[in-house]
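In order of appearance the chains are A, B and C, and numbering begins at 1 in each one.
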């Protein structure tokens, strides 16, 4: 067998480190495509001049480009035989990614728990993305349910203790980041960190009807090759499931309208792909301010946000039903820290 | 309200200068996408070598990329509550845009005239795009009909005097531009400035059937976020209106076949989006030579062209009905000056 | 007539050299788009670091980008009035193409044979792509059937002798190429040159359902403007024929799964677009090892592969019917040499 069958639950060992294939050099091309695929307007990720005025050497690539590139590489080793993507935790962006950087990623297996049915199990990995200097640019924990392929004894269950939220003290800022001279007019909205209150909810108003060609372009761009996104003959219903990360980027870009100054994503506390998204769906988004924290960087505050993507027709700010289950219109429930000018 | 409700007619003041948000650094990525989105083949915008042989330091980005980027930034401030885009005038390209340049734009309100119904009014703005050095790269006048949101007294009407045509003396050429050694074989057609006669009409032959994914990619790339282009639930008929600029670029690119040597756009005299364009339409184009002028640049002539985009099935060169109204197949009627080798 | 009517059979002369129009400077933008359009994961074409470890100065653009750019330029002069694209032979990649390079192409007419019906004839051209230094990057022979437009005497038939296969001795390697320290983990698969046997067949498993927007983006990116790919009103059945090169790139990218280490394409021995491909088709691919050869480059072996693209539903490895005709599910049958680590 020359082709990659993917790993099954019994193929993982606690402590094992998997170096994922296909390092990737990124350029202005990835940035242009990101702007074509999503209504991304964050000034820091759009303008070298704006980035320099914020203390960075140039405009970095969107934080979610870094995430998608690092994540995409893990698919052939982690989720090719996954039944479900169960969660994210302890994600932190550790250094900006600039055009010309080369990214690679590796994952350490930090948890294994076979399901009682003996047919699958949960694999926990901590994935780290690194640039060409070996500097970590991102790490996060992800756990997925993976099928078993052979009858093997269940391993001793190891379930890692994961923080529910990345603590503000653990957030990492790019060297030199300074929002003291932040230009709110150029950034697009006047609202600063102090203008947001914990508990506040924002409907981001805009919607985007998604197309097959677009989600496939995006997903391929991250070298994520899971069959279900590309092959209309794969699912019985003939539909191509949209990569969850496409919904993350779409919702984050839509959140510009109301959160234009939540410039940098610095942590991913958690996230759930609540329901599948398909071409033809019109994606909308709303946010809730979950927490706020001061930081040591000049002029910079941290804001913890819940970002929810829904399909058109969802009731305002509706998330779960009475039983605590996500409503069928909810596509994504993401919990992240961003940086804002004070 | 954290989200941007847009400005209404009563929010504009004569003389007011609006700095539009989200400056944008462009790269080879935008150029590659432009070539993927439109059948653009102008040699000056395709090859560094060809551009150097024409006296430029490198191949600039297509003139319409500059236009779209500058225009896109104005949408949240000027046309979010627009009922109609009424016209363009006095547009001039003032400096080429190169990969690595950062563009921003600002608009001065130069005219205001409330409609007699008291429910809307016409806003005239002169928009200027500038690069990172503050050098103007483009300016043009645009007027739009904008809704009123509150009952306010009508302002004193101010309607700017606009030139019907940019005079040839006012055209600006890139420093060093020289077509003396123009390579017609590499450019794709043998026809020089002297080969075109005023009144001549050219059917550009080719057609492109447009897709939802493509016009949305294009429109987002310019950070134009008007809902009507993206959200299939926005209009009652469930159709997404294609950004008028997408039709401009498509028609201009199609006009290569017959006008391959009309290399640079240097002025926009006027333009009308005669009818809406939707996915599934097959766009064709024809041109009419309106005027010609000599220039001071070596080997360079100016040609004034009417560029008409139509839907498949339009009669040859048909534009208006007997009452002077645009025919329903006509999408665009654009009047511009281009530069050609003598 | 200002527009290009294309050449007809009677317009070609043996020995004539046609300089094709519109030179093209390529950048990271073309690379990013290529990764968005095809599931391309070859590490050498993805990572500057990987390319440097293989003795190259940086990651080149995909070999098929070079092919498409060079090929696209020939369309207005060679195949605008073509009835059929009959074959390829003696294709060799002669130098890598890097971001910043400017490509142009020219074709020499090396064969002419009028058909007995007097209505068309076969034109053989040898096309050469060159970079801005005049260095050839690619050459190949292609023959097409072209319509006659006027009644003319048939030219003396000249049919060039073409090699069925580029001999391994004639393969050209980039200066410095060295796979001695090849990182199989980063490349994505452990299988080296020695692991493949002549006669071995590999089903590449994955499939991609193709969309109108995607093939048009791709085809325009190569400035290939043949009407049949873009204009839904051109064919009687309202379908847009997908550019054969889109199928080549799709199949080659899909072949990563099983041939991840067949890194560089160095020769095109032949190829047939067996059946047309349309949007909605799900493209799959399989390969057969046709030959192997040692090379003088350190750590580098050559492998000759048959790459077959099929539509979903094709029987495993089925190619031709009993009469020797391609099965209707077969889209492409390509014969090429690639380089692999020993």
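General observations
Quick note on the criterion: a contact is a pair of C-beta atoms (placed from the backbone, for glycine too) under 8 Å apart; a residue touches a chain by one contact, two chains touch by 3 or more.
Treat the numbers as computed from the prediction; the structure is a model and nothing was measured.
Taken chain by chain, the contacts link every pair, so each chain touches all the others.
As for how the two copies chain A and chain C face one another, under half of their interface residue numbers coincide. Chain A and chain C have Cα centroids lying 36 Å from one another.
Of all residues in chain A, those touching 2 or more other chains are 27-30, 32-33, 99, 211-214, 217, listed in ascending order.
Put simply, chain A touches chain B in their complex at residues 27-33, 35-39, 41, 43, 46-50, 59, 99, 185-189, 191, 195-196, 202-209, 211-214, 217, 257-260, 282, 312. Interface of chain A with chain C (complex): residues 2-4, 19, 21-30, 32-33, 76, 99-100, 102, 104, 132, 211-214, 216-218, 220-221, 223, 225, 227, 230-234, 240.
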